[in-house]
Every structure is written in C-alpha cells, then in structure tokens.
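Naming follows writing order (A, B, C and D), and every chain is counted from residue 1.
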Amino acid sequence: MIATNGGQESGTRRIETFSDGVFAIAITLLIIDIGVPHVGESGSLFVELVHLWPSYLGYVVSFLVIGTVWANHHNRFRLISRSDQYLLFLNTLFLMCVAFIPFPTALLSEYIREDAHRTTAVAVYSGTLAVTGVLIALIWFYAVTNYRLIDRSVDPSLLPAMTRRYVFGMLSFILAFALAFVSPAASLALIVILVLLFVLPEPVGSRHARGTRRRSVGG
Amino acid sequence: MIATNGGQESGTRRIETFSDGVFAIAITLLIIDIGVPHVGESGSLFVELVHLWPSYLGYVVSFLVIGTVWANHHNRFRLISRSDQYLLFLNTLFLMCVAFIPFPTALLSEYIREDAHRTTAVAVYSGTLAVTGVLIALIWFYAVTNYRLIDRSVDPSLLPAMTRRYVFGMLSFILAFALAFVSPAASLALIVILVLLFVLPEPVGSRHARGTRRRSVGG
Amino acid sequence: MIATNGGQESGTRRIETFSDGVFAIAITLLIIDIGVPHVGESGSLFVELVHLWPSYLGYVVSFLVIGTVWANHHNRFRLISRSDQYLLFLNTLFLMCVAFIPFPTALLSEYIREDAHRTTAVAVYSGTLAVTGVLIALIWFYAVTNYRLIDRSVDPSLLPAMTRRYVFGMLSFILAFALAFVSPAASLALIVILVLLFVLPEPVGSRHARGTRRRSVGG
Amino acid sequence: MIATNGGQESGTRRIETFSDGVFAIAITLLIIDIGVPHVGESGSLFVELVHLWPSYLGYVVSFLVIGTVWANHHNRFRLISRSDQYLLFLNTLFLMCVAFIPFPTALLSEYIREDAHRTTAVAVYSGTLAVTGVLIALIWFYAVTNYRLIDRSVDPSLLPAMTRRYVFGMLSFILAFALAFVSPAASLALIVILVLLFVLPEPVGSRHARGTRRRSVGG
C-alpha cells in the first residue's frame, strides 16, 4: 500500500546518490589544503613549489584512498538491493570517516617532515583509515548476514570470498595503524600497496555489466 | 500538452537531487572548520590534537544531525510524489537552514569551553535546529493537507502517525532551544538523544522496498 | 547508428545533473563567508553575532536568488529536451555567473555598512545578477527559436508568455543594476521583490506532474 | 547470476555521477580563491576590484577549461557503455588532475603579474592541463582498443576521427606547456584558443538525441 517512488530500485538509489556526493566533495576538498606559497622577487617559486612535496604526496595518496573506497562502495551497492534504518546509520558513520579524511591528510602533509611529530601524524592518518575499514566491513557483514539486504539472485558461492576480502582489508588497515608506531614510512607504504591491491579485480567479476552472467567464481 | 521529461516521476526527482547535493556539501564542509593545530618541536602534537575535542564533538553531532535530517527528507519524498511553487519555496527555506548548520557548529566548537559564551553558542546551535525542525514540519503539513502532494496510493491510516511524529520532533527541538538557557549541556544531550531516536524505524516501515506492501500500521 | 546511452532522455540529463551540482555547491558555499566572530571573556558573543547582520542578509538574499534561479533552470529543462554544443557553451557561461555569486555576496556583506563603498558593492552584486539574467534569457531564446531544442509536444501558445517573462526578468535585473548607482537600498529591495515574484506560479502550470495536461494557458 | 542493479545501463552510470560531482565541485571551488579585497574609507573599492583582474582571468579560463573537459567526458561516456577496474583507475587519475586545477589557477592569479615568477606559474598551469589531456586520451585509447568498452552499436568509421581528435588535443596541450618556457602569454593564448576550438561540434553529431541516426560522418 505504501508507494515507494520507482519501486525496488529506489531501495538504495538515494543512499548511493548521497554517498557519491560526500565522496566527490571529500575528494575534491583535498586540494584546498594546498595553499599557494608566498615568495618574494628574489626567491624562486619553483623551489617553493618543490618544497610543498608533502602536500602533493598527501593529495595523491588520499585521492587514491577515497577513490578506491568509492569504487568499493560502488561495487558493494550493486549487490545490496535493499536498505533499512541500520544500514542508513552504518552508512552515515562510514561517510563520517570518509569526510574526515581531509583533516588527517592535512595533518600528514604538515608534520611528515618533522621527526618529533611524524609518528602521531601517521598514526592519526592510518587510524582514520582503519576505522573506515572496520565500518566498510560492518556494512558488508550487516547486509550479507542471512541475505538481509543482498539481492537474492546473487550466487551464494560468491559471498564467502567477498567476506574474506573485507576481513583481510580491515585487518590490513589495522596493521598499518599499528605499524605507524614502529615505522611511519612502512605504515604509509603499506597503505599505498593496499590501495593499489584493491584496484585489482575482485573475486567476483561484477563490474562487467555484460558477460558475467552465470560465471560463478569458486569461493 | 506540456511534456514533463519522464512524466510523473520527475515531479520531485530534481528537487531530491538538488537537496541531496546541498545535504552532501553541508555535511562534508563540516570538516573544514577543524584546522590543523600548530605545534613547535618541543610541544606534543598528540596533546594539541586532544585539545581539539570540541571540534570533533561538533563534527560528530552535526554530522549525525544532518545525516538524520537527510534520511528523514529522503523518506518523506518517497511519499511526496508531486511538487509545486510553494513546496519548492519551503524546501529552499529548509535547505537554507541545513546549509547554515556548519556556522553554528563552528561557533559551538569555538565557545563550548568558555563559561561566558557557552549559553549563546548552544542557543544559536539548538535554535538553528529548532527552525530546521519547524520547516521540516511545515513541508509535511503543506504536502499532506488534503493529500495535496502525497502519492494517492499511500494508506491514509499512516498519515496521522507521521504528523504526530513531526509535531513531536518540532516541539522537542524547540524544547532543546529553551533548555540551552537553563543548561547548555542538557540541551546538547537532548539533541543527541533526539538524533539517535530518529534513527529508530518510523511507524511506517516504508524503507523496505519489499515486504511492506499492505502492512498497515495502526495510527 | 550512434548509441546515446538511454536515448532521448539523456539529451539533457547530464547537463541538468552537472548544473544541479554547481547550484548546490554555490548555494552551500555561501556559508563559508560567515566567519566565527572572535570575542574575549569580557565581550558579548551575542552582540558580536548581531553585528554580523550583513553576513546573514547576504546569505539569505543570495540563497533565495540561487534557489530561485535553480527552480527556473529546473523548469526550463522540462521543456528543453535536446542539447547541442552551443546550449552547452551558454549553460557553462551561465553556471560561471551562478558560481561567481558567492564573491559579490561576500563583498556586499563586507561593505554594505560603509557609505564610501556601498554603491560599488551593490553595483557589483546587482550587475552579476543582471549578467546572469541575460544568460538565462539567451539560453531560452536559443532553445525556443524555431523549436530548436524544445520538446515538440509543448503547446506553441505557451511560448510567447514565457519569452515575455524572460525579457521582463532580464530587464528588471538590469534596472536593479542601474538603480544601484542612484540608491543601493532600492536596488537590493528590487532584487528581493523580484526573487519573491518569481516564486509565484509561472504562466504554464508545468510544475504539476498531474492535472496540467491539455490545460492551455492563453498567451 | 550476478545482479547488477538496473542491468547494462549501470555499467557507467555511477562513474558518471561521481565524476560529475568532482567536476561540479572543482569548477565551483574556483571562486573561493578570489578573496574580498580590504580597503579603507579613503581608498576606492572599485580600483581594488579592478586590481583583482588576474583572479577573474584565472576564474574564467579555468571555468571554461573544466567546463569543456566536462562536456568532453560527458560525450565520451555516451559511447563508453561498460566499465572495468582499469577504466575506474584511469578515471580516478584523470579526476585527480581535474580536482587539482584550482591550485595552479590560484598560482597563476597570484604570480601572473610578476616577471620573476610568471614562467613558473604558467608552466605549472599548462603542465597540469597537459597531464589532464594525456589522461583523457589514455581513457579513450583504453576504451576504444578492440571495442573493449565501447558500445558495439557505434559506427566503426567514426572512431578513427575521434582518436585523431584526442591525439591532437593531447599534443596541443603538451605544446602549450612547452610554449610556457618561451612565452607565457602565448601559452595562455593557445589554451584559450584550444578551449574555444573544442566548443565546436565533434566529428560525430552525437549530442543530438534525435536526428543523428544513420548520419555517418566520413572518417
């Protein structure tokens, strides 16, 4: 009797639109933390610009992180076809982490060159990503348990592989956080490796709109 | 004779898209009010970061507030299937409040620790939410009166329960505003409770795209 | 032979999405020009906040202006069903004006209290709106001439009334610009009146998704 | 067996939505680099505003650049109907360049008047556009090779003309970068000319939703 505008499809459409907006803004806001350097007539603008390398590094790493997290969110909501109060709430907490990323990025760019503060800056940065990773995993666990919000036509054999992937991702980012206290450089290197790893195809070839029907991947 | 791109569905689609954009930007802009702390070689970045707790508090509360208001707006426009000039105008006033929220949030973060200014800061914050609550209720009252803009297939017995919910929400936020002058802490606590309350399912289980048909809830 | 994703509907869909994004961001960015006032222990935060009234005025007026321009753009693209290079270019110039509005708004808020600079500030503000009005009209003229981009099912008798409305709007904003040099207050008052006027229903009742079919309005 | 929400159409829909968001934000953020000038009672606000001309120039040129790049991206994804991991990654790198543009724009506005730093500022600006142009071309080359991600109903005779256009665009922006070291003014002029050139219709009249069927353009 309730008319849901557009039927089943609207189940997650506006969550996705809203989330896409937050992703797009968080990723684009990264640039406003790179301030134009001030240099006099006798100085070299080129030298000053080179000196800003930690800002570029933070911009590139965080852009890749948010872009990858977006792609993951994007793929996940191709399997999640319904939403409820709790998914909305978990998704809001998750977006709170994503929208927070520009802050630890600015922190990282500011303090990565200072021995006294590098550990703290990298720990806050990797800690933010670890919490984000936990929330991504929670969204998946909540949605997948008993097919609660998953499209019922999804092949069940695919789900354990995806769940393992989420557990792996979550634990890896927690490891990166722990590593920050031992070696900040190693922590950042692990983050970059993880981001590039997640660019690789998922166990499910679900990104191809065609040609994946009935292609079941052994879990 | 007038061609409305895509027929009835476009009745509120672009309002929703535009509103989602404003929500997404307002919620993401909250982060730019948390500035990177400046700390010398001898200071502790960790201590400085802990000292920023009012900024994190403001970020978290306002993020939950805007997220909840968004979810409510989202649910409402699943029942509102048509739009007119006045709905557009009310919605613009409503968005004006939502987009304003980053300002009282920054005010709250700046002055919550100062006894002399805490009451003013909390009153402006809760007052903004009270006005927002009034506008949400006005949009609902305008749309629901005589089924003016409501989807005609919506079960009439559901509407009084929703109207009561809006009146309750509006009065609660007005109470939070009044409470700011007695106890700023109590006012903020009430706001957090209200936000968490609104995370609970609505009287109408309208968020489930499936399985809610014909499930009428006694008003 | 060319596949246009989704056929005729995609003719203007992504222009609308992109424009909605620019509108939503420009309107939400207005808030970042209202800075949190700094006040010592002995000062009054309330007094300082009241002192910011030109910022609130600028925020409210520009929010209504951008909101109204958005609503107009929204209604227009319900009649415009196709796009071409030149529409895209005109729309880009138009969005350039919309995205520019936060700058004259900040200027207005900063200088409205100063006799020496009020005229300049109001002239820049109303001048920006005048140029915006000219571009809105140009988009309409370009689209409507020979039904170039207009949905062919639109009743021809409606178009002259709309064209008159655009010419009226354009001339009114140009008048507001001229008036700034005589009386800045009158110029601002005219802008507010125009914005409220455009909230009134259009000659075409095209915003009602239902009930407007075959209701032809005498031009 | 995998359910992709909405089937083939969703192949690139969310990439487009996300990209549109980044474009819209990057283009609108350009305004926040134009600060309100401070002027005393005795000064002239008009003179100060005129003095800001490099900021307006940067705003207009970058707005046209991002608007044109958006229109190009928009047209491209009408031919690209599928997506995969690598397209997502290339698109993320591409968006990283687009979102970066406000920084070199601010640099250009700040230093275009200073002989000592003009070359560096223009080189960074045109260099950013050159890298963007390379990535646009890479996306096309990746998608078009063996019809990897192109809609199979696209007329094959159109593709070589488009590929030439991308090579031409890419080389032209690289030329603008090289020219910056010889004559910054010539570099900027070339950029403006290129932007206006790309406003001209494409070899494929694919923007017209109607009337272009079977109109094959000789490659």
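One rule holds for everything that comes next: a contact is a pair of C-beta atoms (placed from the backbone, for glycine too) under 8 Å apart; a residue touches a chain by one contact, two chains touch by 3 or more.
Not measured: the values here are computed from a predicted model.
Judged by shared residue numbers over all numbers used at their interface, chain B and chain C contact each other through mostly different positions, with under half in common. When each chain is reduced to the average of its Cα atoms, A sits farthest from chain C. The distance from the centre of chain B to the centre of chain C, each centre being the mean of the chain's C-alpha atoms, comes to 25 Å. The mean-CA centres of chain A and chain C are about 36 angstrom from one another, to the nearest whole unit. For chain C, the set of residues touching two or more other chains reads 9, 17, 21, 24-25, 29, 32, 81. Listing the residues of chain A that touch chain D in their complex gives 9, 12, 16-17, 20-21, 23-25, 27-32, 34, 36, 39, 41-42, 44-46, 49, 59-60, 63-64, 67-68, 70-71, 74, 77-79, 81, 151, 153-155, 158, 199-201, 204-210, 212-216. Those residues of chain C lying in contact with chain D across their complex are 1-11, 14-15, 17-18, 21-22, 24-26, 29, 32, 81-85, 88-89, 92, 95-96, 99-100, 102-103, 106-107, 110-111, 114, 116-117, 120-121, 124.
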